[in-house]
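Chain IDs A, B, C and D follow the sequence of writing; residue 1 opens each chain.
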Amino acid sequence: MIIVLKQGISANSIKEVTAKLEAKGVSVSHFSDIKRDFLGLIGDTSGIDTHQLQALTEVEQIVRVEEPYKRANRKFHPENSVVKIDNETIGGGQLGIIAGPCSVESEEQIIHVAKRIKAAGANFLRGGAFKPRTSPYSFQGLELEGLRMLQAAKAETGLPIVTELMSTKWIDEFVESVDMIQIGARNMQNFDLLKEVGKTQTPVLLKRGLSATYKEWLMSAEYIMSEGNENVILCERGIRTFETETRNTLDIQAVPVIKKLSHLPIIIDPSHAGGMSYLVEAGAKAGIAAGADGLMIEVHDDPANAWSDGEQCLTPDEFAELMVKARKLAEIEGRSIQEASTILTK
Amino acid sequence: MIIVLKQGISANSIKEVTAKLEAKGVSVSHFSDIKRDFLGLIGDTSGIDTHQLQALTEVEQIVRVEEPYKRANRKFHPENSVVKIDNETIGGGQLGIIAGPCSVESEEQIIHVAKRIKAAGANFLRGGAFKPRTSPYSFQGLELEGLRMLQAAKAETGLPIVTELMSTKWIDEFVESVDMIQIGARNMQNFDLLKEVGKTQTPVLLKRGLSATYKEWLMSAEYIMSEGNENVILCERGIRTFETETRNTLDIQAVPVIKKLSHLPIIIDPSHAGGMSYLVEAGAKAGIAAGADGLMIEVHDDPANAWSDGEQCLTPDEFAELMVKARKLAEIEGRSIQEASTILTK
Amino acid sequence: MIIVLKQGISANSIKEVTAKLEAKGVSVSHFSDIKRDFLGLIGDTSGIDTHQLQALTEVEQIVRVEEPYKRANRKFHPENSVVKIDNETIGGGQLGIIAGPCSVESEEQIIHVAKRIKAAGANFLRGGAFKPRTSPYSFQGLELEGLRMLQAAKAETGLPIVTELMSTKWIDEFVESVDMIQIGARNMQNFDLLKEVGKTQTPVLLKRGLSATYKEWLMSAEYIMSEGNENVILCERGIRTFETETRNTLDIQAVPVIKKLSHLPIIIDPSHAGGMSYLVEAGAKAGIAAGADGLMIEVHDDPANAWSDGEQCLTPDEFAELMVKARKLAEIEGRSIQEASTILTK
Amino acid sequence: MIIVLKQGISANSIKEVTAKLEAKGVSVSHFSDIKRDFLGLIGDTSGIDTHQLQALTEVEQIVRVEEPYKRANRKFHPENSVVKIDNETIGGGQLGIIAGPCSVESEEQIIHVAKRIKAAGANFLRGGAFKPRTSPYSFQGLELEGLRMLQAAKAETGLPIVTELMSTKWIDEFVESVDMIQIGARNMQNFDLLKEVGKTQTPVLLKRGLSATYKEWLMSAEYIMSEGNENVILCERGIRTFETETRNTLDIQAVPVIKKLSHLPIIIDPSHAGGMSYLVEAGAKAGIAAGADGLMIEVHDDPANAWSDGEQCLTPDEFAELMVKARKLAEIEGRSIQEASTILTK
């Protein structure tokens, strides 16, 4: 961290600022050019609050050279992380394909969709049991009953389960019944929830907040990791911009940027990004071409009667077609997608 | 709600769509012009999911004429709401002036600041005990000990206390010790937390999320109100835009828009909006001129040594000067700010 | 266009509004449900100003069902447009690969780069002669001399030339010496310039403005087309968002959305979108996978000494490697990229 | 400017980079702490292209301590600029109140409105003769005929005229007939146009681009000033954000930020910011309270029949009422607004 001091500062003031900084446990080196003085902070500056330093009257500007995240930082962990989720992994050569309905609606529905997506090549089942809805008057999910139905679908198909946790209240139930806990975009900075999932060892799918910068997103991953749970997978699902024709703007550059800054796997959710089914194929293929480690795609047997987010769902047939194209693309990129099968095995 | 159907749709398809809609408990009237058919939905459409309707292949476009919020809607509650908080109110002729440090740091500090802001005319004390910090390595607040210190400051000065709740875990302690519960910007769509504070009768200060639309913000208020707690005050604290010179962009138009859409009081937080102390005066005065019901301002005795957000704090002297100017402005606008005093009374 | 009238409006007011609307040359049909009255406007509403209608006190809301663009609209031109540029095309099976330096710096430089990119498979040469720079103190381009150098490079390599026009002053020189005129992001709504290039038959590469919606972008294309020049190609080059780690956010969903709304070809510029060379590969490949009709990529022999935008340039070698990967990807998508060659022919 | 070099760089590389930098005409001083080396650039760095430096493989990060604008910079011109426009000024104690219709529609109309706004206290007349419209099919303005009508209104009322210039083609006519040339938001980075108005001495009202940062805006002012025309007034008119309920978001913090960075006057346009007449009062008053040097407000005799932007116009009566309130507010802030009069004098 470099601190640029205001012009015309006295030697005494420099001493005072230096003393204040050293009291924070860092070493300070002083250098200057003709016009200005600078202080370089050496040591672990991750706990230093630049907002506080900025309040010092002597300070013109602060430049953080080091990133504030450590465990999520590729500098300290150069190899890609591969996260193990039940009998599958995300982050290695095979892409993680997560599919399923927005909401779990019935045991019959979720089992049926699970079989169809597995047959097409998906290796994870998603389905919302607790739903974050903008309106308190909208369907809020089947809750614990939904979790039970997801388990029934796993028992039928063997697909590991991914579902969203919205409250620390249900954390024990999730650890017990779920293979990967999803933290939704709206809760990306629900620090209380992040700390609690950080205390478990269940893999966490951390969606990017609607207006979160890459750094804030990685700092949220850091919250989970700093509590001991290093099994974090990032999910880009569109950011909020001025464009209203699409629900959100899929930030495809998130893939190469996160790959540079961090060792964590990153997947793409084209269903929520665009908010319309006709946008899913382009988003999914762009994600693979950009180097993502997987996809999360909403699939519903009867989108027009889905209990939530119907307009962005693919039908199982559309999903199967997409997987055929995605598989070819993945191969060109030196990755793979699980083979499609017509015979279902547990 | 009007549904625009695709061109060239058959009479039979119209019948089918009509039946599906009626199954959702609304009446449907059909009209058409030369080119198109339209369906008008009559009745309570607040529970209808437009995303689901959009998935119907017959649908071109959906137009929601009614707002999805009811309890927060000015249409059903034409007079301004005045919220009672301990012995004070917000929403009436006297502005609610909430001041205090970002974080509670010690009993001595919080009592000292409370006395100074009260003397200048503030009628509420703020101070963070649980702090939402981007970094897990930053100071996270004194937690319950901080609540105790706020109560000590209230005992000294009589100022009602406002502080942020980040977890449902502490809700009982908050209901017991706090006069107004703040829901922070990052938790504006933490629906679990909203429902829980909705079950209490403690007034809630609901900050706008960094990228929340007015409608989403009002829907979050609706979450609280639909659980039975109608004591909601909205707080505009800056939104996230492309501009980087300021921490956030203060959306001053939020005041007249919210006043039109809703009966709930709205206050302005110029400290978090700009993120720098030199911006506070302009933001505060603009807020009053635009018709806000109050202000929330960070005040710290020694900003350069504040444990968080130092660069946006005013000193008690700067705050006192601002109150003198703000009081004159409020009077021009037909409102008032509590008189300054040199003698402190409980 | 549907006009939702305010509740409780009198039959007389409806008559008056209807008369005002008919005076604008459209037919009006009236329908109503229990709560409200609606007016449907039939006929050519593209010249109707919704802002003006909104000012009528009787109007609650206006819903435009028809898009305001006509010539750019896929509805009236269902097949993809293929634009002919000199001896090449964009919009068909072969991708248009435009490459070259940000600025033309010397004849030697531009010829050298042109040869290298042609050898790698590019089929268009770009190079800025007139440069839009944020600072008046930055290098502004070699201007007409730069155009001459581009022509020299075309004479050597046969590659058609694409370069930016910033002023109507030079339009004759551009029509004479340039194969495709680029309109930059900052001038996307310089309507005077759009009209002037619309009066020529030179193909126009219309970059999306930094905060332009898809509709505004298509309306700018409409400006050009309505003057008679239908040879328009759209170029997505990143939009402005809150994220600061990248120069702009590449909006990959622009490809499927534009393909749905319009018949015009669309290409991707990953160099300007990300603003850093390490982001180019991911953006370029994502663009092809999403269905773009081409790419625009900055290539410079010596990026560290480029006169502008050095940090986002690829070297010729990096570009050649990218083309190898892009070609495979294009083939998977049923498209092609011109073969690389080691022997240069005019 | 400070350049942070990558870790582990050799002494030789440092020498090479230093030589490259010195070749750009600046002095370079080298300092280092335990982990890194830094280069401080001394001298005039306003012409240095940070994008180019960033392309050097040795460079980790570049920190510009100095602002890139000079003539617009308050550091080199500490007192507020007061711009003289015909017989009026903006930037001093009296606020500049610019009012009038969006479009000039007829001589009768513009004279009538001019008289009404003058009577209410406005000291400038606005009215569009050349209109930047999103659609080529919308009314484009009366052009030169409109200019003539504005002059007729000036002859009647004595009010100086402000109107938008969209093309360098008409610059001579504007210099001759207009008292202040407006550069619209869409042309804020039409550098060709900026340079041309910079060569005149006619005062320029420079509107902020929809997604322009403060720095880019000041750099556009710098374009005008660097050509010799220092008579620049900035106008905040709302920025583009994710919020759709208002046309744009009025960035009220622009006032204190610009006042800190620059000596140029800044005014507020609440009509375009909100896009709806009910938002004008709050925006106008917030602007004055925040310290703006004036207002620009759309006034039309019959908003429902305005040829453009009807829904954001005030009627002359509404404008007169607003002026009464604004005048009181200005006085509290130590400023003034011209008195209203019932007798019209030239």
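Methods note: a contact is a pair of C-beta atoms (placed from the backbone, for glycine too) under 8 Å apart; a residue touches a chain by one contact, two chains touch by 3 or more.
Heads up on the chains, UniProt names are A, B, C, D = 3-deoxy-D-arabinoheptulosonate-7-phosphate synthase.
Here the structure is a predicted model, which means the values were calculated and not measured.
Within the contact network of the assembly, the step distance from chain A to chain C comes to 1.
The interface formed by B-C recurs in A-D: of the pairs listed in A-C, A-B or A-D, only this one shares over half of its residue-numbered contact pairs with it.
Should one ask which of A-D and B-D has more C-beta pairs in contact, the pair is B-D.
Measuring from the averaged C-alpha position of chain C to that of chain D gives a distance of 27 Å. Measuring from the averaged C-alpha position of chain A to that of chain D gives a distance of 40 Å. Centre-to-centre spacing of chain B and chain D amounts to 32 Å, using the average Cα coordinate of each chain. Counting partner chains per residue, chain D has residues 211, 240-242, 244 touching two or more of them. By the touch criterion given at the top, residues 20, 46-47, 49, 51-57, 68, 132-139, 166-169, 186-187, 189-193, 195, 210-211, 216, 219, 222-223, 226-227, 240, 275-277, 303-313 of chain B touch chain A in their complex. Listed in rising order, the residues of chain A touching chain D in the complex are 2, 4, 27, 29, 31-36, 38, 40, 42, 60-61, 63, 65, 211, 240-242, 244.
The part of chain B that touches chain D in the complex is made up of residues 211, 213-215, 239, 241-246, 249-253, 255-257, 260, 273-274, 278-279, 281-283, 285-291, 328-329, 332.
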